[in-house]
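In the two complexes that follow, chain A is the common piece, with chain B as its partner first and chain C second.
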Partner chain A sequence: MAAQTTTKEQFISFASHTAEEVSEKQQRVEIDDSVTSPVVLYFLTGIGWLVFGSVAGLIAAVKFNLPDWLGGTPFLTFGRIRPVHLNAVVYGWASLAGAGMIVWMTSRLCRAKIEKTWALYVSAVLWNIGVAFGIVSLFFGYNQGMEWLEFPKPAGGLIALGFLFFAYSIAQTFRKRQVEHVYVSLWYILASLIWFPLLYVVANLGIYHGVTEAAMNWWFGHNVLTVWFTPIGLAGAYYFIPKVIGRPIYSYYLGLLGFWAFALFYNWNGIHHLVGGPLPTWMVTVSIVASVMMFVPVMAVAVNHHLTTIGHFRMLKFSPTLRFVVFGSMSYTAVSFQGSIESLRSFSEVAHFTHYTIGHAHLGVYGFVSMILFGAIYYIMPRIAKWEWPYPKLIKLHFWMSAVGIALYVVALSMGGWIQGTMMNDPSLPFIASVNATKPYLWVRSLGGTMMLLGHLAFAYQFLLIIYRSGPTRYVPAWFELRQTTEENRPV
Partner chain B sequence: MSLPVAVIIIISIIVVAGALALAAFVWAVRTKQFSIKQLNEGAKVIFDDEEPIGTPQDLIFKESTNGSPNHH
Partner chain C sequence: MMFIRSFIFFLGVLVTLLLGWAGLVGIPNIMISEIQPPKGLERYTYEQSYGRSIYIREGCLYCHSQQVRPVGFGADQERFWGRPSVPADYVYDKPHLLGTMRTGPDLFNIGARQPSEDWHLIHLYNPRIVSRGSVMPPFPWLFEEKISAAPDDKVIILPDSIAPRGKVVVATREGRALTTYLIGMNHTYSVSQVPARNDTTKKK
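The block that comes next holds the complex of A and B.
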C-alpha cells in the first residue's frame, strides 16, 4: 500500500500543465472523443468474433485426436467448423479490431477529428452482417471451396462494401490532417486501403479456372496477410513501441526503406505455396526469389524495433501494451524469416501439406497481428473510455495464456509437421503411420488452443468492464507491477 | 468469359494499380515527404509538448489535483 501511495503522489506531480499543454491535451481529448463510439463498436464486435472463433478453432483442433467427437452433428463436422474458425478470426476479429485501431491511430497521427463517422457505423454494420451471413452459410455447408475465400460471394460483397465505407472515412480524415508529415504507420495504413480492395476485386472476378484458379487462390491467400493484416501489425508496432517507451523510432530512414521494400517484394510471395504444383516453373521461382528478398524489409523492421527498444527492455516488466506489442514484433521477425526459408523448394518438399504450415500461419495471424492488436487495445481503450483497466492481473493472465499458448501451438505443429512430412516422403511407410506419429503434437496443439481461449475470455470480460466503466476505480496505471519512478530509473 | 477478355481485365487492373502506386510516389516526392528535414523530424510527429519525447506514455494515467481519477 505504501508503494501505491508513493506512486500515486508521483503521478500527481506529473499533473501540472502549462496553458499550451492544456490546449494540446484538450485537442487530443476531442480527437479521442470523436472516435470513441465507432472504435468501441469495431473492438466490441471484433472481440465477440474472437471468442466465437476461438471456440470453433478448439473444436476443430480436438477433432484431430477425437475424429468422432460431435461427428453426428452436421454443422459441427470438421469440414464446416474449420472454415468457420478461420473466417471468424480473420474477417471478424483481426479485421474489425484492426479497423478500430486504424481509426484511432489515423485521427491521432493526422491530429484531426475523424471525418464521416456515419460511414464507420455503416461499415461496421455491413462488415458484421457479412461475417455473420458467411459464418451461417459455412455452418450449412455453403463454401466456395477456396481457402481464405470460403464465404459465399454475397457475404464477401457485404464485407467489401463495408471496407469501402471504412476507407472513405479514413481517406477524408487524412485529407483534413493538421500534420504535414505522413508518419510511417500512416504509409502502411493508406497503402492497405488501396491494396486490399484491389486484391479482393481481382480474386473475385470469377474468370479463373483450373491451375489459374489455384494460383489466384494462393496469390490471394498469402496477400490478404500481406496487404491487410501485416500493414495493421506494422502500423501498430511503429506507433506503440516508440510511443510507450517515449523515444522516437531509431532510424526513420530505415522505416521508410522497409515500407517501400515491403511494397515491392511482398505481393509476389503467394505462389510459393504451389511449389511442386503444375505451374510454370518461372512463376514459382519468381515467388521464391521475392520471398527470400523479404529479408530486406523484415531486417529493416526488426533492427529498427530492436534498436528502439534497446536500453528500455525493463519496461516490458511493467507495461502491458509494450509487452504485447514487442511480442508481436518479435513474432513478425520470426514468422517472416520462417516464411522465407519455407518457400525454398528443398524445405517445402518436407513441410508442405503438413501441420508445419498451420503453425506458421498461426504465428503470423496470432503471434504477430493479434498480439499487437491486444497491445493496441490495452493502450487505446483507457484513453477513449476514460477509465483504466480494472484488473491488471487479468491482463497478466491474458498475456501469459496467449504467449505460452501460441508458443506451444507453433512449436508442437512445427515438430509434428516436420516428422509428418518426413514420413510422408518415405515410400516404405504407410500413410497412416504419418498420421499416428502426429497425435501427441496435436494434443499439445489443443492445449495451446485452450490456453489462448482462456486468455481471450479474460480479455473479453475485462473489455466489457471497461466499456461500462465498471470494476474498481484505479488511480495508477494498470501495469503488471507498480513501479517506483525515480530520476534514476525513469526512462529517457 | 473468353480468355482475351480476362486478360484485358487483368491488364487493366495492373495498369490502374501501377498508376496508383506511381501517383502515390510522385505525390510523396512533391510534398517533400522524403526531404532530409522531414526524414529527420518525421519520427517525432507522434510526440508533442503534452506527450513529449522522454516520457513513457503509460505514465499519463495520473490523478488530477481535484482527487478524481483522470485519465487524460
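The block that comes next holds the complex of A and C.
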C-alpha cells in the first residue's frame, strides 16, 4: 500500500543536508542501487540456509537427549544430520551472507558501482546449486569422510567455481575504484579472495594419505576460518563499528600489525586439532606455538575495535547494527583467547575429544561471524531495499534470542565438556560415566539452540517483509528506541 | 608506488599461506611418505573396506576417534585402549578417520576389546540393549525383519521386550560388513617406534 508512495527522493532527503552532502548521498545511493539485486540474492539464499541449517542443528542436538527420536530414518541419523548442519550453516549461510556483505562493502569502499554484476548472479546460482547438491548427498550418506570436507567433489567444485566468479567481480570493482585509500576491511577481503581458492586447490591435490591426510584435513578445516570467515567478520567489524559510531578507527597502524600478524600466524594453527595424536610431535608443537602467537593479532584487533567503541556504549541502546557487531567483536576477542589457551597440551588433555570444542567452534562461527553478519544485514538492507525494517521489536527479539542462546550454548558445553574430559581421564570411572555426566548440559545446549532458531525465524520473517517492502512505513531508521536526530548522530 | 604496494601485499598474502601449507602439510607429506607398514598390519579385505564405507556413511567418526594417546596424555593407556598409535598404523587408511570427538570410546582396538559379532550387531540394532545410558543412535536399517531366517542369514538375538513378534531380525550385508570392519580393528601388533610418554605434560 504505502510502498508505492515512498520515492527514492523522499528517502534521500528525509533529513536536512547541505547541497554537497546531498550529492554525496546521491552517489552512495547510486552505488547501493548497483548492488541491490545480487546482494539480496546472496542474503536471501544465505538466510534460507541459516533457517534450514538451524533446524538440522537442533535435530542433531536433541538426538543427544533422545537418542531414539527419529532413529528409524536413515536420512536423519545423527551421523548424517550433523554434517548437514555444519555444511549448511558454513558453506550456505555464513559464506553466502558474507559474500553479500563483501559485495556491498567493496562497492562502498571503492566508491564505485559494482562491476560484472552478471558474474555475481552466476556465482550465487552455482554456489547454491553446489550447497544443495552437497546437502542432498550427505542425506544419502555420500560423505567424503573428512570434517569440513564432507561435500562430494562435484559439490565442492561448484562452490569453488562460484567463488571464482564472485572474486572476479570484486577484483574488477577494486580495479575501478575511485579512491586512493584502501581501507582495512578491504585488505581482509582482498586477501581472502586469494587465500580461499588457493586453500581449496591445495587441499584437493589428492597427494595425501594416512596421517598427512589428517594434517591436511585440519590445516584446511581450521583455515576455512583463517582465510574466509575471520576476514568476513573482521572486515565487518572494521567497517561497521566506526561507521555507526561516526568516528575513525582507533589506530591505522594497529590495523596493519593485526593484519600481517594474522596472515603470518593464523594459518599455522590447524594441527592443534590433532594434539596427542599419531603425528610427529613437532607438527603439533608448531601449531601450538602459532596458536599462542595469535595473541598478537587478536590483541591488536581487540584494542583497535574496543577503543573505537569505548565512550559510545550508549549507542548500543539504539543501534541494532552496532549491538550485533560489538557482540561479534567481543566474541572474537573471547574466542581467540580461548583458542590460544585451548591449544596448550595441558588444557587439551582435558578439553580435546569433548563437547568443550563444540562450544568453542560455535562461539567462533556464531558468536563472532554470524552476529557480525546479522548486524551487517540490518545495516545494509534498508539502504539497498530503500525500505526501513518494519518492526524494531523483532530485531530486539532476534538479538536477545541469539545472544542468550549462544551464551547458554557455550557455557553449557564448556562446563559439560570439561566435566566429560575430566571423567574420561579418570580410569577409575567407567567410560559411560563421562556420557551420563554431560546429559543435563546437553539439554541446556538444546535450549540454547532452540532460542537461536527462534531468533532466526524472526530475522527471516522480517527479511521477507523488507524485500517486499511491506509492513508499516517508516521514514526514520529502525532504532531500538526513539532518539532525537541531532547534528551528531544523524544517520549517514 | 601503488604498484609496489599492491605487489608486496599480494606476494605477502600468497607466501604466508603457502608457507603454512609447506610447513604443516607439504614437507611432512614427503617425510612420512617413505613409511613402511608394520609387519602385523594387513590391507583391508573387500568386506572390511565395504564396512569402512558404511562407517563413513553413517558418520561414526563424529563421535568415535581412532587414535590412542601415549602415557601421560589422558587415560587411554589406563583404559587399556592399546599402545599409542603411530603414523605407520595408518598407511592403508583413505580417508583417514582419526576423529576429534569421544562422545563414545576410541575404536582403534575395538576388535581386540570386543571381538563378538553378536554383541556388535545387537549394539548397532539398538545400543541401549547392551550399553545402558548410551546416546548412540540405533541403526535399524542395517537389519531386516523376516518371518523365518534363511540358512546363511545372521540372526541377531534380542531381548523379548524388543524383538518383533513372530519375526526374526537378521543383519543385512551392510550391517555384517560394518561389523567385520569393527572386529578387524585390531592394532595390538607391536611396532618399532612407540612414543614412550608425552614429555610435555605434567609428570604423573
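Note that in this section the second predicted complex is superposed on the first by the 469 of 492 C-alpha atoms of A that agree within 3 Å, B and C clash if a C-alpha of one lies under 4 Å from a C-alpha of the other, contacts with A are read in each partner's own complex, and residues count from 1 in each chain.
Keep this in mind: a contact is a pair of C-beta atoms (placed from the backbone, for glycine too) under 8 Å apart; a residue touches a chain by one contact, two chains touch by 3 or more.
Computed from a predicted structure; not experimentally measured.
After superposition onto chain A, the partners chain B and chain C occupy overlapping space and clash.
Touch criterion met: A:Ala215 reaches chain C, while chain B stays clear of it.
Residue contacts after overlaying the shared chain place A:Pro154 against neither chain B nor chain C. Contact with chain B, but none with chain C, is seen for A:Met315 once the two complexes are overlaid on the shared chain. In the superposed model, A:Lys25 makes contact with chain B only, not with chain C. Once the two complexes are laid over each other on the shared chain, residue contacts for A:Trp479 go to chain B alone; chain C is not touched. Once chain A of one complex is fitted onto chain A of the other, the partner contacts of A:Trp387 are limited to chain B, with no touch recorded for chain C. Once chain A of one complex is fitted onto chain A of the other, the partner contacts of A:Pro248 are limited to chain B, with no touch recorded for chain C.
Look at A:Tyr183: by the touch rule set out above, it reaches chain B but stays clear of chain C.
After superposition on chain A, the chain C segment that clashes with chain B is 8-16; the remaining candidates among 8-16, 80-88, 152-160 or 170-178 show no clashing C-alpha atoms.
Shared contact residues of chain A with chain B and chain C: 190-191, 194, 198, 202, 207-208, 263. Taken in their complex, chain A has these residues touching chain C: 63-64, 67-68, 71-72, 74, 77-80, 82-83, 141-147, 187, 190-191, 194-195, 198-199, 202, 207-217, 219, 223, 227, 260, 263-264, 267-268, 270-271, 273-274, 276-281, 283, 285-287, 345-346, 349, 352-355, 357-358, 424-427, 431-432, 435-436, 439.
Contact residues on chain C toward chain A in their complex (touch as defined above): 9-10, 12-14, 16-18, 20-21, 23-25, 28-29, 31-33, 35, 56-63, 65, 67, 69-70, 73-75, 78-79, 84-87, 89-98, 100-105, 126-128, 131-141, 195, 198, 200-202.
The touching residues of chain B, counted against chain A in their complex, run 1, 5-6, 9-10, 13, 16-17, 20-21, 24, 28, 31, 33-34, 38-65, 69-72.
Looking at the complex, you find that chain A touches chain B at residues 8, 11-12, 14-15, 17-18, 20-21, 24-25, 28-29, 32, 108-109, 179-184, 190-191, 194, 198, 201-202, 205-208, 239, 242-249, 252-253, 255-256, 263, 315, 318-319, 321-322, 379, 382-383, 386-388, 473-479, 485, 491-492.
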